[in-house]
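Naming follows writing order (A, B, C and D), and every chain is counted from residue 1.
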Amino acid sequence: MPKSSRIRVVLVGGSGYAGFEAIRWLLRHPNAELVGVFGPASELGPMDGFYPLLSKTVALAQELFTPDKVAATQADLVMLCVPHKVAMSYVPALRQAGLRVIDWSADYRLADARVYEKWYCPHTDPAGLAEAVYGLPEYFAEQIKSATLVANPGCYPTCAVLALAPVLRAGLIQPEGIVINAITGMSGAGRSASLRDHYPERNENFEPYGVGNHRHSPEIEQTLTKITGKQVSVLFQPHLCPMDRGMLCSIYAEPTGKGVTAADVTTTLQAAYAKAPFVRVRTGLLPATKHVAGTNFCDIAAEAAKGKVILFSALDNLIKGASGQAIQNMNLMFGLDETTGLY
Amino acid sequence: MPKSSRIRVVLVGGSGYAGFEAIRWLLRHPNAELVGVFGPASELGPMDGFYPLLSKTVALAQELFTPDKVAATQADLVMLCVPHKVAMSYVPALRQAGLRVIDWSADYRLADARVYEKWYCPHTDPAGLAEAVYGLPEYFAEQIKSATLVANPGCYPTCAVLALAPVLRAGLIQPEGIVINAITGMSGAGRSASLRDHYPERNENFEPYGVGNHRHSPEIEQTLTKITGKQVSVLFQPHLCPMDRGMLCSIYAEPTGKGVTAADVTTTLQAAYAKAPFVRVRTGLLPATKHVAGTNFCDIAAEAAKGKVILFSALDNLIKGASGQAIQNMNLMFGLDETTGLY
Amino acid sequence: MPKSSRIRVVLVGGSGYAGFEAIRWLLRHPNAELVGVFGPASELGPMDGFYPLLSKTVALAQELFTPDKVAATQADLVMLCVPHKVAMSYVPALRQAGLRVIDWSADYRLADARVYEKWYCPHTDPAGLAEAVYGLPEYFAEQIKSATLVANPGCYPTCAVLALAPVLRAGLIQPEGIVINAITGMSGAGRSASLRDHYPERNENFEPYGVGNHRHSPEIEQTLTKITGKQVSVLFQPHLCPMDRGMLCSIYAEPTGKGVTAADVTTTLQAAYAKAPFVRVRTGLLPATKHVAGTNFCDIAAEAAKGKVILFSALDNLIKGASGQAIQNMNLMFGLDETTGLY
Amino acid sequence: MPKSSRIRVVLVGGSGYAGFEAIRWLLRHPNAELVGVFGPASELGPMDGFYPLLSKTVALAQELFTPDKVAATQADLVMLCVPHKVAMSYVPALRQAGLRVIDWSADYRLADARVYEKWYCPHTDPAGLAEAVYGLPEYFAEQIKSATLVANPGCYPTCAVLALAPVLRAGLIQPEGIVINAITGMSGAGRSASLRDHYPERNENFEPYGVGNHRHSPEIEQTLTKITGKQVSVLFQPHLCPMDRGMLCSIYAEPTGKGVTAADVTTTLQAAYAKAPFVRVRTGLLPATKHVAGTNFCDIAAEAAKGKVILFSALDNLIKGASGQAIQNMNLMFGLDETTGLY
């Protein structure tokens, strides 16, 4: 793709951490350029007003979002980094205007509107939902290539599904009774100030949250079922960890038979991801968040103990868990090598 | 206990984090005084040389350990904060000299020498082992009161056992297949400098370690079996968390019947710890390490989701997980109220 | 002081970090007891609702403040931990009710109402101001003993003044042109959530603030002038450091003569604080915030380089910088040894 | 520069933090490629053995350094990331082999061998020293372009000099009596494990070090003198800050006249750096380490208070303070735009 035909990208919702991170990756991307940033009336102005780090690299200001303004940028792609519900109120008009969209919210992740409505709110764009492709490139690359609407996966689902899918598909573990004990760095909790995440409350503090009701739970189950064809049920338990970024899942599952060893699971993972540029199956080394920080990698390792299979999976919640994955999807959608601009 | 009859305490091994913490608590204790600190030839000198924080509060120097020197202090109690194997080489002589001992190492925690030898090394003091009392006051207070040798429990076992014991004993969860996903702050990893725990490696880093082979695993099982009379099997998986102190276990267990609710488990926990001054059963609030940091409390909460019972348990690894618990044991051994000097 | 005559303390404003810390120290104090906590209508309820760490140790609830209610507790002392302006609206009525008061705000720290009004707002209690004693025990112990109203010093002023006062008084450094480069841990910035102190903004971030206009600046100058009799002028520059607690001043001053050495300054400091239980003059070791964390100590060291005298001073902003100093003042006011309950 | 003629870069000493960071930037660079990594016998092996983060992106192993082996790679440039003294023992042979070198050590930074020898050790390559160019692109770009040996500046000197040089040159501040109060994140202290930088010692700890004897002090003075023609004297005082990366200097200087305002200084800085792509002169916003983390920028702001000029300067110690600056130098040496591959 010659420079003259760079992908023109518009970002809607650039003031959150994932949007910020997307901007940084787009700046480095050899075949894409950021041509506009749009947001709500309450958050307008130069991008380096939100993030002083961006001064001298991004001259754009976040302007008031309207579908017409976005269309006027002659963008090839819209990255939609807005809250759920808002996203599906924007998508139809953008698609009407002929724009391809990668939506980072939950609005198009759950294929079944009834499941969506149970966890979120009434779904207002069933047509979009029917056409949306779940943007996990390791499993849906073909559909992503031609998609006009991609639902960028959640960070926890990416981390958990990449570890579990091959092992479930190979029938090495039971699809029921899986425990996913997950931790996230604090950028994953967003940029809204709260007492809970006030520095002196959060520093030196580790704690669980969202017991039994985290919205990433149905997304994990749906995706695993879609990939493996099995009815999967997981107990997903997230925790807040005092660090900026990083996510790690410690997953406990029942093997299907006594003969299942860690080596079997490792071999299965290695085969599954032999050609996946951003998944690293580790042996002799357990995943750690610092091994993936600032990268688009997901590191996975398999172990076995006390009659259970244990999977560890780590990624950077803002990259493989958000912006990096979005760019990986963009690359696929526009015929580029999946890894372009992502090292 | 009049001031004139304060408990005279000797600390052996004062240069580690737990020893340091013990010194601070002893300084505040109204009925105890630190009368000597002893250590190996490689670590001698004024205590504030090891910990400048102690200047002007502790005038003692760590002197070369010999049983005779300890005996010469006319101590009532020896707190032994030395590595396993070393501990059992010191204990017989100390007891011979008529001293009561609280040993912080693993040497007297595993009642069965064969189990000890499987995880550690040959046991050289079977006589001591036979008489040692496991120092978890919530369960063994009566034996502790008259004990001459107390094995101060490990941090992880304290955290896990306090949460699991009542629920297992009440028959609400299955004794097999329990998953204990645990995290610790870095003071729990000791004071020896290593690349793994070098600040720039550890900060912003979360990772699992010790899969299937952490030595606290048999201690947890043995203690639960001792308390509940049931053969208990746990999969214990620890992780390193970038913070100074704090420990949190997220425990996943199978209920014995479909009717078991989180409320049932909570009620059981509340009943079990109604009179335990340092256990707090939480409702409407999940345990967090910052809720217990700097205290001798262990906070526990019960939840249920996806057909499993979930227990969360948090404590300060250096206090209820080490020095605070040792002082709680000391209080019991010398007829004081369990909480003396521990708020 | 027999237990029957413990000092009865009321805390007004218990929901901030310094109030919380005061509660913890009062719990451990052998001759004081907390008999009531009062606050504004917006922040009422059990203390462990604000700080779950306090469960099972403090049964008190924060009740709506009225002078009558405070008087009804039969308190001997009121610790006033409320914002400036609010403090001076409470003090007259409390003193009218015969209560002794330690005020933690700035309202009674600046002896000259005109200076106060320049930096804050109109002063509404000139009578109180005239009688208030500045609660820096190392310099004003005699006045504090009989005071009915003590102005508990700011954290930065305590840290800077303890280092500078003896050296200025001895005429070793010039009273003009002093630079105080200070850093604080984030508990010093209070408990109100803000984007600035949101965990992902603050972690891994170090930055200056309040250039030329920090309100502790006139307090430092006034106190130094009062102690030394010299007109003192300082450039005080604070910075935010990503940690919970701790404060460190690096102070640069011109020696009065070429002959002034670091040893001279050290000797002067040692002489000045020979009997001060909570000041430690360091040699061969520079102050570090971890040496004083969780203690009421202020560590000071003197150096000389490039023709300047350098003073380093460190303390725990919540203890010697707030609650510990308040308790030190309380001890003096009620005839106790200054150090009671403070180790 | 067509892809076929990419700059072939060899890294000597890839196991430290700055070398690691250089590898990451080289991977992204459109006109350079890493063709070899060499090191001492004690640190050989695959690069992802040192840094698991690099797996799947760097296939190279660190091989035993010999000048011949380096020459055999047909490299265009050697980045030398080895300790001082070692560097100057390698440089002559590398240059003999026709290789251009960017040396990251101190060996070629101090133009005067006598100054070098006072702070370090005898200098063994006076010929190299005579030809070396100091690699601060904002001031020596022309010489860098044709240099065969570039001395990559220290992190502290870069941070301090960029702020001070224009202001001194414009005669707005006195060249004597300047105080540079600096802080660094811990990656600046290197990768050797030590008790000082062991996580539980360093976390929540802020402290000064190197009083009056930090080796960056003469480098700062020499560089300022070289740029401004004035005899400059600075008191440089560094501190360790509990974070991974980031550096901030708070600089206090005497204005040359009463009329010098912050605006004057700002205007001077803006003029000096109008064309410098990596220096940002801030107004209405103070530098903070998070504004520059992960970037090659140096942010500077000027203030005035209490009769002094205050300069704040922040950069990422591993990027503008080391690897990014080296790549900026490489770009200049090979005729590329200075910013290539650096966003």
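Definition applied: contacts are C-beta pairs under 8 Å (C-beta built on N, C-alpha and C of every residue); 3 or more make two chains touch, one makes a residue touch a chain.
Not measured: the values here are computed from a predicted model.
Looking at the partners of chain C and chain D together, the chains they share are A, B.
A count of C-beta contacts for the chain pairs A-B and A-C puts A-B on top. Centroids of chain A and chain D (each the mean of its C-alpha atoms) stand 36 Å apart. Computed centre separation for the pair chain A/chain B is 40 angstrom, with centres defined by C-alpha atoms.
The mean-CA centres of chain A and chain C are about 47 angstrom from one another, to the nearest whole unit.
Touching two or more other chains at once are residues 185, 201, 203-204, 242-244, 288, 290, 293 of chain B. On the side of chain C, the complex with chain D involves touching residues 177, 179, 181, 183, 185, 201, 203-209, 211-212, 233-235, 237, 239, 241-246, 248, 250, 252, 286-290, 293, 303-308, 310, 312, 314.
Contacts from chain A toward chain D in the complex involve residues 24, 27-28, 30, 52-53, 55-57, 204, 277, 280, 282, 285, 288, 290-295, 297, 299, 343. Residue ranges on chain D touching chain B, taken from their complex, read 17, 185-187, 189, 191-195, 197-204, 242-244.
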